[in-house]
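Letters A, B, C and D name the chains as they come in the text, with residue numbers starting at 1 for each one.
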Amino acid sequence: MASTTFTDTRWIARGEERTSLPQFLLWLAPWAVVLALGVYAAGLCLYYGLNQTNMDNRFAFGLWIFLDLGIIALGAGAFFTGFLVYILKRAELQPILNTAVVVGFICYSGAVAILMVDVGQPLRAWFTFWHPNTHSMLTEVTFCISCYLLVLCLEYVPILLRNRQLRKLPSFLVFEHQLHKLVPVLAGVGTLLSFFHQGSLGGLYGVLRGRPFAFREGFLIWPSTFFLFILSAIASGPSFLMLVTAAVEKVTRRRLVPPELFQRLGFISGVLLAIYIAAKSIDTLIWLNFTSPSVGFAPWQYYNYKPFGLPILFAEIVLFGLLPAFLLTYRRSAKRRGLLLSAAALACVGILLNRFVLTVQTLALPTLAFDEFLHYTPSWQEVASFGGVIGYGVIGYSLSYRYLPLFANPKGDDPHVSGD
Amino acid sequence: MNARYGMVIDLDRCTGCGACMVACASENNVPSIPQATPRTGLTPMLVRRVSNEMEGSARREVFIPITCMHCERETPCVSVCPQQAVEVDKATGIVMQMPQRCLGCRYCMTACPYHARYFNWWDPAWPAGMEKSLNPGVAVRMRGVVEKCNMCHARLHSAKAKAAAAGRREIDPADYVPACAEACPTAAIRFGNLADQNDPVSQEAHSPDAFRFLTRLGTEPKLYYKSKEAWVRALAESTSANAEVKHG
Amino acid sequence: MKVTRRDLLLWGAAGAAGLAITPVPWKLLDDVSIWSQNWPWIPQPTHGPVEVKQSFCTLCPNGCGMRVRMAAGWPVGIAGVASHPITRGALCPLGYGAHQLNWHPQRLRTVRHRTNSSSWEEARAAFAKACGEGPIAIIDGYPGRAASSVFESFAQKRGSYRAVLGPEMQALSPYEMWSGVPAAGLGYDLENAQTVVSFGAPLLDGWGTPGRFTRLWAERAAGSTDPQLRLIQVEPSFSGTAPSRTATRAWQWVPIHAGAEAALAAGLARVLLDEHLVSVSARGPMPPITLAEAADETGLSIGAIADLARTMVARPPVLVIANDGNPAIAALNVVLGAAGAPGGIVRRAKHTESYASAAADIGSARAVLIDSTVPWNFAPPTNAEVFRFAAWDGGSCTADWLLPAPGFLEELTDVPTSPASAIATYAVAPTLLKAPPGVQSAAQFLFLSGIDPTLMPVEKIIHARCADLFRERAGTLQGQDTTPVAKFASVQKLEEQLWKGAVWIGEPPRSAAFRCALKEWPATARSAQSMSSSSMNWSKAWRAPVLPPLASKLYQESSLREAPEGRNA
Amino acid sequence: MTAKRTILVLGLGLAVALLAGWVAFPRALYSRRHQPLEFRHKTHAEKSGVAECSQCHALRDDGTFAGIPTIETCAGCHSERMGTSKAEAILVDTYIKPGQEIPWLVYARQPANVWFSHAIHVKRVALACAECHSTYGETDEVRIYEVNRISGYSRDIWGHSISRLRRAPHEGMKMSDCEDCHRRHNLEVGCLGCHQ
């Protein structure tokens, strides 16, 4: 069935016009290069070991962990939108649901791929499932992320099967229908899993009793960062979805979703962001005044080391917190697409900054009185292999966009019955 | 009765010669890595040099041997390990690291406030023939795993075997002394059973000059340090004192 | 019936599902992880019966006692010997890694003539030829051994024998000049000193026998504000470089201008004599330098020098230790009456060997034979043909002949009294490892060259020395237990013990006085070398060709020490 | 019709998979090796009146286990050929005369990171050798040594049955087997109790 002529229209959903194949390939080419370079770099790390990175015994976590936490937070849009649509029955968000799933799938699979390079002995990584240490936040993360990745696959498959050619196989169509019935359930499960691993990613650092900069008291077994991470993730998720959709609209020069939807997303994002910032501020105050001093670390001492001064804290809370929260929720600013999007961008940057501070600053700060404040610059292998994930993301999304009906088509007829 | 092995390190006696570091590496088959730096090297026992930051004749320096503190409560590295590669041994109180179980996620390294854990960034290698000089009691680690002080468990093993062969249940304390304590030319490092009231080490641990690092973290380390110099004892707690003078 | 794509898909699906309920995926998962735990390229130790052998470290002339743990016949670990009278269980960091040295990549296994490889026959021929043509010189880095006496007797007729001495011995040479007692017979009675003033000697950093002074210091001084053993370190302070670990751990550190040691010594002597702080009997010559000049040169105030002088004598006996042959500093000891008094410079009770440390001029030699014990940084005269013995190639070697010598534990040698020791000791380091083929010690080389038929092999000489010990019936033998030599029934019994690692100990230096005839103050020579690096002792003064690989832990994988020169991390 | 066909195809796929997994795979996974020499435990025991395993497989004074006797022990009797068998010739000429150790393939060889003290198990707890090593020592057979191509472990470590379900008490020397026995005698041992 391989088409001999240099075209792929038979694969593109009816009623959707897409750019010509050559133009599409031209768009993919640079990203393919980035991806290839990333695969090569990752290969080096797997073959020669992690000496290929610039991490060391003091900076045992580096760029990778920071970006993993980052993209997983941004990928939270997937489960959260599913949650809103299927659990809270917010039908108006339906149009971006597929995008949400694809973005989520890409973020999570990418993060997991990088993690497999990041661990020193990937061949033994499965021990976590066989000999799990139930007290470890990382165990929680590993279980939830791998399970949720499975859920995402199950959510992605029906979208995949809606491809024009694949629909030709009757059994697939049946399968897809069955699966689609499952989707609400999956959304529920996904929500549960996501709440836990987003949280335990925060817990990851919150439990570090040995690192008073990160250590937090908490509720039951979960430190406060557990809940802050959930909040910040669901706050930034929608913003990121908005940015992705907007980017696609820019590239394809066409309206894919009604503008009200953007405002809706922005509002949700903004409100959650506001809640998050409030919670974070309280948490920070408690930590500075009680938690940290109680273990012998004077408040504010962490901010004596440039470049990690107080401005970072300010930026996190005001510049990338309150400001976007306001812009996203305030009707006037939300109406202006430009403002809305830049606010969304600010929100996402804020979350990334938060993850950066927690991962990098925590390790850079001294604990013993005679420790030095440390610096670390990732090696090209680290940067490249992460670039690979981004390349993978863009390519993955582009393909999905081209060959799958990501956005319910304007005619509004239900994609399930339409088609041949 | 269960033992609680620990050490008392008399910093006033330490001349920073580094014998403990070499003896430790030799006992535990720690390779010498050509490309390694102070930040990527393997030094399960590491002597750190600290000064009172004065100039001229007022300058004092102290050498602080740092190794795993074998924390007793809330042991930071144990709770974080996702696959039980770290545990506190009930019988000895030793915090054990199992490199063959480890998947190299390095979470325990970020958890350790003493930076006493080391990652094998490279595969171990020895010049041709030198593998004959490896200690048969210790398995060589491979790249991609975390290692640390296991209190020379190979010596505990041979002490146990010796006792068993002699039909004894308990080991002879003389048979079990970690390499660093054995090697220290000034007997600054002393090893003993903190659970045993009559053990001189457990008594020394309660001397007024004795202190432990970062006790307020509440991890109850089993490595005690000793100094008559107040500025040295002041190093026990966090950086807050001299945070101002340090900057990135 | 034709197979459709659908069939294939279904078949594959069923197959995949089926495999999941077979051992394949699960067993593979397990085996692959086990493989990762036993990677074939990770070296593994050799297993076998374990035994502990007593021996002595021969890396430097201090001959520390060591227990060598051998597994399957190979050394796998090294520890000190608590019963050793001088080291008392201590070793230096290099000693603990020494058992790996024999496999060092720079180990020499073949004879090298300049850049190309050669043979022992050619080397011997060349040496014989040289001996015929002119005077030869033999350089020994570890005088007093049986091998050394082989060198001496060979050199007697054909040239000169010269011992390269470490700073500890150099510091004793002035007293030899003034008293006629050979420096090799002198030592520091540290054990009885109460105040030790070191002029740049790295007393806490591997000076003399590692562990000898550090042990004393740890037991009598460490941490105490008013210690029984007061260590005063006189040492230049250089801005930028950290002071030596001795300076920063000492009871008192006196920072002075670089190279002003002699001036300070003179200044102190003047104060001691002016203020009659020293007993009249011990009065030495008055230095020809005013206190003001001394103060000016050292950078200390007049008051500071005076105070230092008073502090010195406050807690006698006081001993001044130099780090080189600087006569002014030695003279200070004479003024203090520390030369030839308990707790000062003492003359060892009868020691088994006496050797000429006379620095004969070897500039005119036709050929120079350098023993493997000579520090690698020893520079021989260029006009002579140089036969350099060494177990390891330390790099940038200018010798004409590079001759592979036995490595660590591979050679039978006796262990004479360690430099600057107050008591005489004697021990034997047996051969614990078979030397690789094509390796030969300098003594064997001379013996096999057959140039001098009267030469005795090392083993014979050691037997003879043991016989002497037995005949003299003096001292005790310190092994698992302590036995006076007089108690031994036969020389065989004595030798047996010595071969098992026992140490012969001479009488303690009680009536150890000797007179120094020092009429006037020696010409104030500036210090030969000035200390700055904290790692000076094992990298500069006594540069070994190579270090045990694990030494990298100290200067490369940590910043505990500076990388020795030529070994930058 | 299509339903039948579907079932047929599915069944076919399943059958192939099961056959490959349960029959072909185990054969492919292990490589079979012969011992360098044949050795008859039973005969040796009878001829030289050996009653205890420990008489040849002895504990050293320091509690370490000497394992298989060295070539000197063999030379004690076999310094010259004692028979006309081919094995005898090989033994004397290739091993005893040049003093070359026999490279026996040890069925129970544990990996480098395992510390197992025979002293503790045999001397203190008085376990019978057969508990772990079966009665191999009482037979005259020379078993084929099977080694896992991937992990390099002797097949005895996993046990002969690939499913590990039906296996004799002495079969299987994986960590889980040690743990089971320890659990049965409720003995708790930490990681480093058995690892090095």
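The criterion applied here is as follows: contacts are C-beta pairs under 8 Å (C-beta built on N, C-alpha and C of every residue); 3 or more make two chains touch, one makes a residue touch a chain.
Just so it is clear, the model here is predicted, and its values are computed rather than measured.
Here the chain at the heart of the shown protein, by mean C-alpha position, is B. Here A-B and A-C were compared by C-beta pairs in contact; the pair with more is A-B. Per-chain CA centroids place chain A at a distance of 40 Å from chain B.
One inter-chain figure worth recording: chain A and chain C are separated by 62 Å, centre to centre, where each centre is the mean of the chain's CA atoms. Centres computed as Cα averages put chain B at a distance of 38 Å from chain D. Look at where the CA atoms of chain A average out and do the same for chain D: the two points lie 51 Å apart.
Among all residues of chain B, those that touch two or more other chains are 37, 40-41, 48, 100-101, 123, 138-140, 142, 158.
For chain A, residues touching at least two other chains, in rising order: 121, 124, 127. Across the assembly, chain D contributes 60, 62, 64, 111-113 as residues in contact with two or more other chains. Across the assembly, chains come into contact as A-B, A-C, B-C, B-D, C-D. Across the complex, chain B meets chain A through its residues 35, 37, 39-41, 48, 50, 64, 74, 76, 79-84, 101-107, 109-115, 117-123, 142-146, 213-214, 216-219, 234-244, 246-248. Chain B meets chain D in the complex at residues 87, 89-92, 94, 96, 98-101, 137-140, 150, 153-154, 156-158, 160-167, 169. In the complex of the two chains, the chain C residues touching chain D come out as 7, 10-19, 21-24, 27-28, 30-32, 34-35, 37-38, 40, 44-45, 49-50.
By the touch criterion stated above, chain D contacts chain C in their complex at residues 5-6, 9-18, 20-22, 25-26, 29, 60, 62, 64, 66, 111-113, 148, 150-153, 162-163. Of all residues in chain B, those touching chain C in their complex are 10, 12-13, 15-19, 21-23, 25-27, 29-30, 32-34, 36-38, 40-43, 46-49, 51, 56-57, 59-61, 63, 100, 123-136, 138-140, 142, 158, 179, 182-183, 185-188, 209, 227-229.
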